[in-house]
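Here subunit A shows up in two complexes: once beside subunit B, once beside subunit C.
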Partner chain A sequence: MSEAVSTERSATNKALDNEPSGFSGKAYAICAGGIIWREALRFLHQRERFVSALVRPLLWLFIFAAGFRQVLGVSIVPPYQTYILYEVYITPGLIGMILLFNGMQSSLSMVYDRETGTMKTLLVSPLPRWYLLVSKLAAGVAVGILQVYVFLAIAWFWDVQPNWIGYLYVLPALILTGLMLGSLGMLLSSLVQQLENFAGIMNFVIFPMYFASSALYPLWRVQESSPLLHTICLFNPFTHAVELVRFALYQQFNLEAFLIVIGCTVFFLGAAIIAYDPARGTIARKKQG
Partner chain B sequence: MAPSADVSKRSAPFALDVDGVSHSYGARKALDDVSFTVPQGSFTALLGPNGAGKSTLFSLITRLFNTRSGEIRILGFPLRQKPTEALRRLGVVFQARTLDLDLSIRQNLTYHAALHGIGRKAAEQRIGEILKNSELSERLSEKARNLSGGQLRRIEIVRAFMHRPRLILLDEPTTGLDIKSRAEIVSEVRRLVEEENVSVLWATHLIDEIDASDRVVVLHRGTVLAEGSVEDVTEAENAESIHEAFTRLTGLARPDQPKQVETLA
Partner chain C sequence: MKNLLVSSAIAGALMLAGTPAFAYKIFVSNERGNDITVLDSENFEVIDTFDVGQRPRGIAVSPDGKSLYVCTSDDDIIKEFSTETYEFIRTLPSGPDPELLVVSPDGTRLYAANEDDNLVTIINLETGARVVEVPVGVEPEGMGISPDGQTVVNTSETTNMAHFIDKDSQQITANVLVDSRPRFAQYKADGSEIWVSAEIGGTVSVIDAESKQIKEKITFEIQGIRSEAIQPVGVRITPDDAKAYVALGPANRVAVVDANTYEVLDYLLVGQRVWQLAFSPDAEHLFTTNGISNDISIVDVSEDEVIKSVQVGQQPWGVAVADVD
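Showing the complex of A and B:
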């Protein structure tokens, strides 16, 4: 019976050969645009998320830094050329913190999307899966960078006033840092199955990364008090992301930090793409629906 | 009764060709050497009780995970080697709701179109085309959250048709809906299938959703027990109705079935 059906349909099948195959560059652009646009819409709809994303670093800047600056004298360390206020020192660290929280939050939304099923909509798209994931990542980074610039604008009134050109120089550093932290989050999101587990990862990833870094205190200070902690800080990619941002904000290029951040980004992103790969990935091993 | 294995060698591709597919979760075998086809233009019901392996099969066909043994082809394109070509010809309605409730209907639909590389203008046009004469066309700006379960489902069906697929998969699309919404969904899909000339694989455990002219594939405990037209399958089992045939095949006393069968036929 299927024989008859096949012959009957062969006319329809001929048309198939004339159909376009593959996707144009424009289609790729539309796809990435759609993913970024959806992420932006979601972000704007969650006003509390935007507010809390801003309040968090501002609290550190207004309160923590004000209290801490008497305790901790910061000597002249590159890239700074004069004595600086602690507020100025901590700003790149707070930028890193914004991107760190944002990276983890967008991967949190991926776990959420997986639980609600909206992730399926994304993964069933015919475009290559790595492209979908990178677009998703880019969407998160765009949202994070928006937060950083709003924060920097407010910090300007708080006497954190780098040269205006520093605001431009810092952009590539922000993109790179955002990609690194976002792909780390994406990798973590593929490893946890439920939102509840993710809360733990937030605690075990965000806080250690943030505190064991050069975000709050210069590394020479750390070395004075604990050589072990100093070593840990040096192995923390977040330290290098913060330094990359710090140098860029003062129009300097920190090659070592740059290479480390690039390397970590490639590693995390590669691992995340493999994890989301239908053949090898961790999601393939889990029972769905 | 068992589908022939040399199906792929024919020149005319089936809309869907599932060829010797097995899948296990750890030690538990969810699908065991499953083979069947959906000829182009056909409405094929994948009939099976809960836990028969329908959802696993759908995850494989939609490439949420890869087929490890056996092969799946969509319009002749092997899913493993040519996922892009296969997936672009496929539209899916998942069992779980997958609309973004915080976004409007229009935003949900244009997002989906974007995922298929379709721009906003073309998407708007397509929405108008599918939703002509439908009261849903007036609610496009509303948030998905404001819609009833049945309406959400219908929007998901519209979404599945957005990119002009040639094969539509529906995984128990009427689950959790009341009788009226179920009837609407069934007739809506049948109307679209007619208008757009697509092929359908409709997974269900509700026999009353099947028409006499449909094809059926009976899946039970991960294996295909029967495949063919409603008539053939009924005859092969010496049964009075497809319902009886299904009951015999699966050895179930009575499959889940609502009482108001007649109102839907």
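Showing the complex of A and C:
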């Protein structure tokens, strides 16, 4: 049986080696369109997923932030120029939370796709593997951004009202953050074989990433209570993603956060592409095993 | 060559058009720092700091914008400084512990409340001499003056009264009992009402200028803030008498009140222990001193939005604005 699989794999590899050197732009567009359309259909058919993705940050905004309104203490941190309520502070963190969950969830769907066999349909496409993965990633990011804007619209009625230009400025930051978190999820999805295992990884990734960051508390406050935690927060790419979004929402550019987020995106995406490579990646190794 | 001249003229005109309509300076007295912080009106940045004496609190600018009067409470005198060079000009006589002061609209008289001797001192600004001392209630503090300069209102913290002093007779003509620890008195621009804040009472009493009756008592309620922390202090009313702003002390909020319906419209989050307020000459901005957080907050008056907070000296107390155009 394993001999048969091995023969099949080498045949696939040969086919890939012999693949034509270039495809027309139309072929790329059809492929991306198909992947995005599938993701859009999945999104439209899973309204509960959309609602639950919104309920989570809204609960934090309405309940958690209300309790902390007077507790956080008074200090002005950039990009803010004056005192702000905790609701205003936590909003970029909650945007990060939406993108984090969304990135992980779309990767979760990749594990699901692999289990149900839908993944094969995607991967037999003659287009380069990296292109398929990036298209899948882009589709996930688009869904995440839509969720963020709906969240921001609701938050506006909760007195979180940045300047309207901020809503435009934040879009590139959202795309970049979505790509970074989505590619991280993709990399993680390549490491797990079964859906059940993925839940564990989510717990080990999402919660530490979210809590050990500047999403909930400013870093000066974290430093006051624990210098070690402060250092961990600084090494957490999610911290910089949240800061990139926070600055952009107030029409400012945080170069340091931008460079770190873009660097992490390239690293995670590159690693995910290698991991999904049929010849070298972890998927191949798992199959071999 | 001609084109060059035309371009230069256009460029010059554009540069002039870019200059703000009102250039002014903001002066903040720092109670513990014993100095005054000066900020510019363009970027609201600190441009200078100068020493003035012990425990500066109430400050006011002369109507011509040239002089700054400072109550140096622990020196028991009032000092006059130039708003242009910040040079000391002269001392003016007050009683012990002067706290707040007002200058008459014609710039000839200064009225100061002396917290420790229950007197209001009237000073002639032309001669720099004390004219008379008017006995008022215990611990006088707030000082308001009618737009025509005919009536001065003093509030006494312990007697809980607003005392109306006539300019000509230099006597108290009426006393109005208000809520506990009245801190500040402010006339409307049309002279029809006086608003008196009560720190412990947590209210602002609106007194009819003619009948001397309280026609309305404004109360404040902020979600998540205990009522004892809501302590009204400084009050300012816009020149068109449309809106009033009330500093609420340890509640760290400034209340925006509709000055016609007396309805509280909004609460603006500012620094800690917000104390006194002042408008810019064009009334587009309001400045608040925040005593504990050592800064001032700047409010956009048309939007009722706090746009910036700027660090000043130690324990900022009073704020005054000088038009330097």
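The rule we apply is simple: the second predicted complex is superposed on the first by the 263 of 289 C-alpha atoms of A that agree within 3 Å, B and C clash if a C-alpha of one lies under 4 Å from a C-alpha of the other, contacts with A are read in each partner's own complex, and residues count from 1 in each chain.
Basically, a residue touches a chain if its C-beta (ideal position, glycine included) is under 8 Å from a C-beta of that chain, and two chains touch if they have at least 3 such contacts.
Not measured: the values here are computed from a predicted model.
In the superposed model, A:G117 lies in contact with subunit B only, and not with subunit C. In the superposition on chain A, no contact is made by A:G200 with either subunit B or subunit C. Looking at the superposition, the partner that touches the larger set of subunit A residues, subunit B or subunit C, turns out to be B.
Using the contact criterion defined above for the overlaid structures, shared-chain residue A:I30 touches subunit B, although it does not reach subunit C. In the superposed pair of complexes, A:S125 makes contact with subunit B only, with no contact to subunit C.
In the superposition on chain A, A:L41 makes contact with subunit B only, not with subunit C.
Of the two partner chains placed by the overlay, neither subunit B nor subunit C lies in contact with A:G270. The residues of subunit A shared by its contacts with subunit B and with subunit C come to none at all. Of all the residues in subunit C, the ones that touch subunit A in their complex are 224-225, 252, 269-272, 293, 297-298, 306-309.
Within the complex, the subunit A residues that touch subunit B are 1-3, 5-7, 9-10, 12-13, 16, 21-24, 26-28, 30-31, 33-35, 37-38, 41-42, 45, 116-118, 120-128, 132, 278-279, 281, 283-284, 287-289.
The part of subunit B that touches subunit A in the complex is made up of residues 3-4, 7, 10-14, 25, 37, 39-42, 55, 58-59, 62-66, 75-76, 83-88, 90, 92, 94-100, 102-103, 107, 110-119, 197, 228-229, 232. Remark: subunit A residues 66, 69-70, 74, 76, 81-85 touch subunit C in the complex.
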